[in-house]
Amino acid sequence: MAQMNMVEAINLALREEMERDPDVILLGEDVGKEGGVFRVTEGLQQRFGENRSIDTPLAESGIVGCAFGMALLGLKPVAEIQFMGFLYPAYDQIISHVGRIRNRTRGVYSAPMVIRMPYGGGIHAPEHHSESTEALLAHTPGIKVVIPSSPADARGLLKSAIRDPDPVLFLEPKRIYRAIKEEVPEGEVLVPLGKARRVREGGDLTLVAWGAMVREAQKAAEELAGQGIEAEIIDPRSISPLDEAAIVESVKKTGRCVVVHEAPRTCGLGAEISALLMEQALLYLKAPVERVSGFDTVMPLPKGEHFYLPDLRRILRGARKVLEF
Amino acid sequence: PAEAEPEAPVAVLPADRKLAEELGVDLVGVKPSGPRGRITAEDIRAAAGAGEARTEAPRE
Amino acid sequence: MKISDCDPLQGRRLQVLSPEGKADPELLPEFDDESLRRIFGQLLMGRLFDRHCMALQREGRLGTYAPVEGQEACQVGSVLALAKGDWVVPSFRETMAAICRGVPLETIFRYWMGSEEGSRIPRELRFLPVSIPVGSHTLHAAGMAMAIQYKGEADAVLCYFGDGATSEGDFHEALTFAGVRRAPVVFFCQNNGWAISVPRSKQCAAASLAAKGVGYGFPGIQIDGNDPFAAYLATRTALERARSGEGPTLIEAVTYRLGPHTTSDDPLRYRENAEVEKMRALEPLVRYRQFLKQRGLWSEAWENELAASHQARIEDAARRAESAPPPTPESVFDSMFAALPAHLARQRSELLDALKEG
Amino acid sequence: MAQMNMVEAINLALREEMERDPDVILLGEDVGKEGGVFRVTEGLQQRFGENRSIDTPLAESGIVGCAFGMALLGLKPVAEIQFMGFLYPAYDQIISHVGRIRNRTRGVYSAPMVIRMPYGGGIHAPEHHSESTEALLAHTPGIKVVIPSSPADARGLLKSAIRDPDPVLFLEPKRIYRAIKEEVPEGEVLVPLGKARRVREGGDLTLVAWGAMVREAQKAAEELAGQGIEAEIIDPRSISPLDEAAIVESVKKTGRCVVVHEAPRTCGLGAEISALLMEQALLYLKAPVERVSGFDTVMPLPKGEHFYLPDLRRILRGARKVLEF
Amino acid sequence: MKISDCDPLQGRRLQVLSPEGKADPELLPEFDDESLRRIFGQLLMGRLFDRHCMALQREGRLGTYAPVEGQEACQVGSVLALAKGDWVVPSFRETMAAICRGVPLETIFRYWMGSEEGSRIPRELRFLPVSIPVGSHTLHAAGMAMAIQYKGEADAVLCYFGDGATSEGDFHEALTFAGVRRAPVVFFCQNNGWAISVPRSKQCAAASLAAKGVGYGFPGIQIDGNDPFAAYLATRTALERARSGEGPTLIEAVTYRLGPHTTSDDPLRYRENAEVEKMRALEPLVRYRQFLKQRGLWSEAWENELAASHQARIEDAARRAESAPPPTPESVFDSMFAALPAHLARQRSELLDALKEG
């Protein structure tokens, strides 16, 4: 056990899995010699050689399409997309091939691969560098989608993702890459995919948040606790498949729910969670499920970023709205 | 609901709507005391307690 | 034969068999008579299978189908050059290649009849299922070649695609990756003159598609795509290059799509029948028959016998494909993941319940 | 006025708009000489010449990216993507450029363009030819998304889309391309974007459906009417922006809602509509909003297609579920 | 000067100014002394502006910035060849080109300071805002050129991008479309040796990027990218080709990125300082200063004076950019569409209410 931030924890997971299994192989723009623009793959090329940590040409569809080809032949590629905003050129490969191959060949072929990428806003990054379009991925059949919110989860989830026999998209909230340090176990401590984490217990309302928004939800919960209101926080960790039971159970208990996410509201994952609660918990609701989210606009450039991202103020407003309904 | 006149929509939480159903309370007659004109569980229980009188209560 | 002898930038094109069926003695590969006849047998099988698909489609017994007529030679020749361990990554018009590689006819039928069972091709055949999104599979070939390289194996990858596919970004990325990594892959373009209604000349302004190789740092070669020997030689040479670590090769096989794009297509809307008739004279079966005749290896009786036995095999496979059980509702869900997640299990029950209710 | 099917109505709209405005220009794979694989652009190259109906190379990102460049210089390109399943290579251009340019330049530039494509399943098409991923587009800021369900709407909406100063994605339910004939007006009869159509009036439950699913919903409504249950059918027509008011108003009246769509369920547009009703109509709901949709699987090949697509049976089941709640 | 004189397949590279500042008299364009000095003024302005951005960034007064140091010459030279009606489609490292084209310094600052106002570039300048997704904007240039062609106008489009961008599928599609349509566009690749940490040699196996032209049916030319005259000549010739309907040209300007990729980057992690020092000797400002000196057009006093006045302009613009009002919350919504749709109006109120509450 050691204190680590998320970058270090992901790096550790990669190193451990590469040591464990020679079929695990990294590829992406600048992942090798440079160790990634966020240093997530630092030292791995030095350790495992240029053939296991490949600096690719600048082409995302190429990265994902080649990783897919590798996976077809039994390797376990871990591809990095430099920022989520540059995933889109590869989206066709994901929806048309990566997510389909097992089903369309009835299991003759499969794609045991991971696609990692920094995700979300909040670091005053340039245009296109703050995307959080996880809902596109959650809507895509045949893939799993994971978003850690802490170093230990990041390590444990990534190890599970790499070992998973199916393709996993792994979204890393870069805003908290170095913001949180915690004890991270070593060895065979895995975090299962598809299982939510109850970050905080409480009986008055449920906050559902993932990625960097978990920390914001925690701040809101503390603030509310000061007012005698106990919020439960559920972090789904895997958004596909989603641990519906954990969310539904919590909201059945509290009767009130605020979903917090960075992405645009319309057809975001908040809509899905609201719809699930509609279907599975309607009679337990004391107020409409509230979405505190990014707007249906382009993410503003750094000077306007704070208008866009859900923050303490907006989460508290959402909480008040469901509490006072 | 086949033959019924289109009722004016009544605002009530789904759970309370179920409660009214169970208690046999016609929501159309219940006077709302909740926020923004919403019928509450208490309103429904009160209406149920009031027995036969409930259906004749005036509408807002 | 050297790839560099046929520099497309010099306008050279590899041809072994002339349209009249005369073979260039210097280039003709050393096949025994039996092998030479087997090639004809394959060409004929492809032609008959294709016609049968077209016929079944017209009777509503098979879905949309992309015929291969006219392009048989380059598929037969290139598959002939493969070793058992090599991988084939086809597009959607490689029925002839699939047959040559040993994909069961029944499986091919089932694909076009609209069943996932048609993509259940045994892994040992190393022949990937059809890929519909044009150009996208070229990247898979590049990645597979990188995997082979990483594992230090001696296999290579042969990837087929059309002239239209060369316009897609994925094609470019595939060649870029393969070139930089010197991956053991052969990019085999069947330039059949058309991408649905778009002629080759409107697809790309380059004088030849083979010339594109230079932009990726590896050789391109243009061949007569109606000549199985040219396809064989070019592919063999390219596979040797691949295996010896010299990297990829781009082969442009100039052939012609004699039929419609698919059974849904009416080519008279966009091309003259005269063009088709002109090209029909150059088609591979005619040419190869001439070649065999000249060598005394062909007789009408032999061909008729061959055709009859092929036809019987084809009809038998079609019958089996047609009488295979329809998909179950469970099959919609059960291969999505290695283990069925809860929400899919729920959706599955939902469907089963709905069907039960009737 | 003439009886027309949807293919003819769209062709008419294109011809009229091309006649009205020389800046309207078509491009796409096989749109010109062949008139499109569904004959939607038939005769337009012959009429307007090769420069106004351009047969492009086979590259979707190229088509959309070039159309965007044309729009920047004031043309009004109408790009065709041959099938929705081949839109994905162009998705980066849409989310990263088409939907952003007005906002990022504060209106100095804009992209008055239309991207048309056949959409949805039900015609026993080959793999990748039955996609209905409209939710991806509804989640994408800065674009409008339109799906007609009848010939007259198709014409009126497409004319509005072409004249709209912002980019519009126009999804054509190919299953009903030739299945419905109706009177289609000529001349300046436009259908506004962002306005739903009440296809049928009823007080007992609301069916929300678009594209080819409207017809299925109509069949269900007739069946229900036979049982004395009157379903209201709302066809949003524009799914982005969505006519929330029309849906909410109807469900406030009926208290019950079934959303029908072909796309996979998770994070589909059904989730958004359910979430909207959660937010805006919770107190009027007599049952959870029900989603009758495609599954979170790959669309099966033709032999299994009928399992996947919502049909009369499944819609009726959904209706019964909300009626008997 | 003819493009075909510099066939990249023959390994030729266009150079007018030698690294020592000696001009090839046959190629030197006919500029008067004033113009020759103005070029130096622009190079210097670019250098100073760049340094100022770097400094502001280090002080936390400007966001991530992509410096242009080392690449000034090819931007100055190519912009010089433009007519007023031509369009420029930049990537993100064309600060020098923007300045030459007259984009206000204040606007450039505002972009990198993180405001949308920095992309509000007056339409009359015909200079598009920065495009971050690598390679994607090359398609816009192709489409704009097609629009110009359709309208029958005489303008052309100049599109800048890096060596890394040539690997993206969109680049390929742009050249394919432009080639087939013979659209009036010049594809100007600044090959600065690196794409962040990836050297040119790992980006593509082709011997030269200019050689890619042949794959699209139009000429490619490689030039010395630290030589403003080579850039001017090649661009002028390419623009003439474009205007006369001969179609696109691909220019590969071989230059060098002396600075980090951006202010977030530490190049010591992936390249030797020795390489940078070697390349620094070849950089455009030094070279051009030598050239002017040899012609008696340069003095230290003149340069100092110039630098001082440039610096004052720069600092003034930076000050104005910094003191510009911050964005309003309304601005998040108000330019999304020509008319604000209802749901955005609601979200806007939501934000305004939240902010009011405080």
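Think of it as A, B, C, D and E in the order they're written, each chain with its own count starting at 1.
Keep in mind that, in the parts below, a contact is a pair of C-beta atoms (placed from the backbone, for glycine too) under 8 Å apart; a residue touches a chain by one contact, two chains touch by 3 or more.
These numbers were taken from a predicted model, which means no experiment stands behind them.
Student: Just to be sure I understand the contacts, which chains border both chain D and chain C?
Tutor: A, E
Student: Please compute the angle of the rotation superposing chain C on chain E (C-alpha atoms), rounded to a multiple of 5 degrees.
Tutor: Between chain C and chain E, the superposition angle is 180 degrees.
Student: Select the chain at the greatest separation from chain E, using centres from the mean of Cα atoms.
Tutor: Looking at centroid distances, B is the chain farthest away.
Student: Would you identify the chain whose Cα-based centre sits farthest away from the centre of chain C?
Tutor: Looking at centroid distances, B is the chain farthest away.
Student: Select, from D-E and B-D, the pair of chains that is joined by more C-beta pairs in contact.
Tutor: Looking at contacts between chains, D-E has the larger number.
Student: Can you compute the centre-to-centre distance for chain A and chain D, using the mean CA position of each chain? Integer Å is fine.
Tutor: For chain A versus chain D, the centre distance works out to 30 Å.
Student: Please tell me the distance, in whole Å, between the geometric centres of chain B and chain E computed from their C-alpha atoms.
Tutor: 70
Student: What whole-Å value do you get for the distance between chain B and chain C if each is reduced to the mean of its CA atoms?
Tutor: 70
Student: Indicate the whole-number Å distance between the mean C-alpha point of chain A and the mean C-alpha point of chain C.
Tutor: A distance of 40 Å separates the two centres.
Student: Going by the touch rule set out above, which residues of chain B reach two or more other chains?
Tutor: Residues 13-14.
Student: Can you list the residues of chain E that touch 2 or more other chains?
Tutor: 116, 133, 136, 167-170, 172-173, 176, 180, 202-204, 331, 336, 343-344
Student: I need the residues of chain D touching at least two other chains; which ones are they?
Tutor: 56-57, 59, 61-62, 85, 89, 92, 96, 103-104, 127-128, 141-142, 242, 266, 282, 285, 287-288, 296-298
Student: Hey, which chains are touching each other here?
Tutor: After working through each pair, the chains in contact turn out to be A-B, A-C, A-D, A-E, B-D, C-D, C-E, D-E.
Student: Quick check: in the complex, which residue numbers of chain A touch chain E?
Tutor: 29-30, 32-35, 37, 55-59, 61-62, 85-86, 89, 124-129, 265-266, 295-298, 300-305, 307-308, 313-314, 317
Student: For a test of understanding, state which residues of chain D touch chain E in their complex under the given definition.
Tutor: Those residues of chain D that touch chain E are 25, 51-52, 54, 56-57, 59, 61-62, 64-75, 77, 89, 92-93, 96-97, 102-110, 141-142, 144, 164-166, 194, 241-242, 244-245.
Student: Give the list of chain A residues in touch with chain B in this complex.
Tutor: 282-286, 324-325
Student: Applying the document's contact rule, which stretches of chain D touch chain B when the two form their complex?
Tutor: Touching chain B: residues 203-204, 228-229, 252-253, 255, 282-288, 323 of chain D.
Student: Can you check the complex and tell me which residues of chain C touch chain D?
Tutor: These residues of chain C touch chain D: 63-64, 113-116, 118, 130, 132-136, 164-165, 167-170, 195-198, 202-204, 264-265, 269-270, 326-327, 329, 331-333, 336, 343-344, 347-348, 351, 353-355, 357-358.
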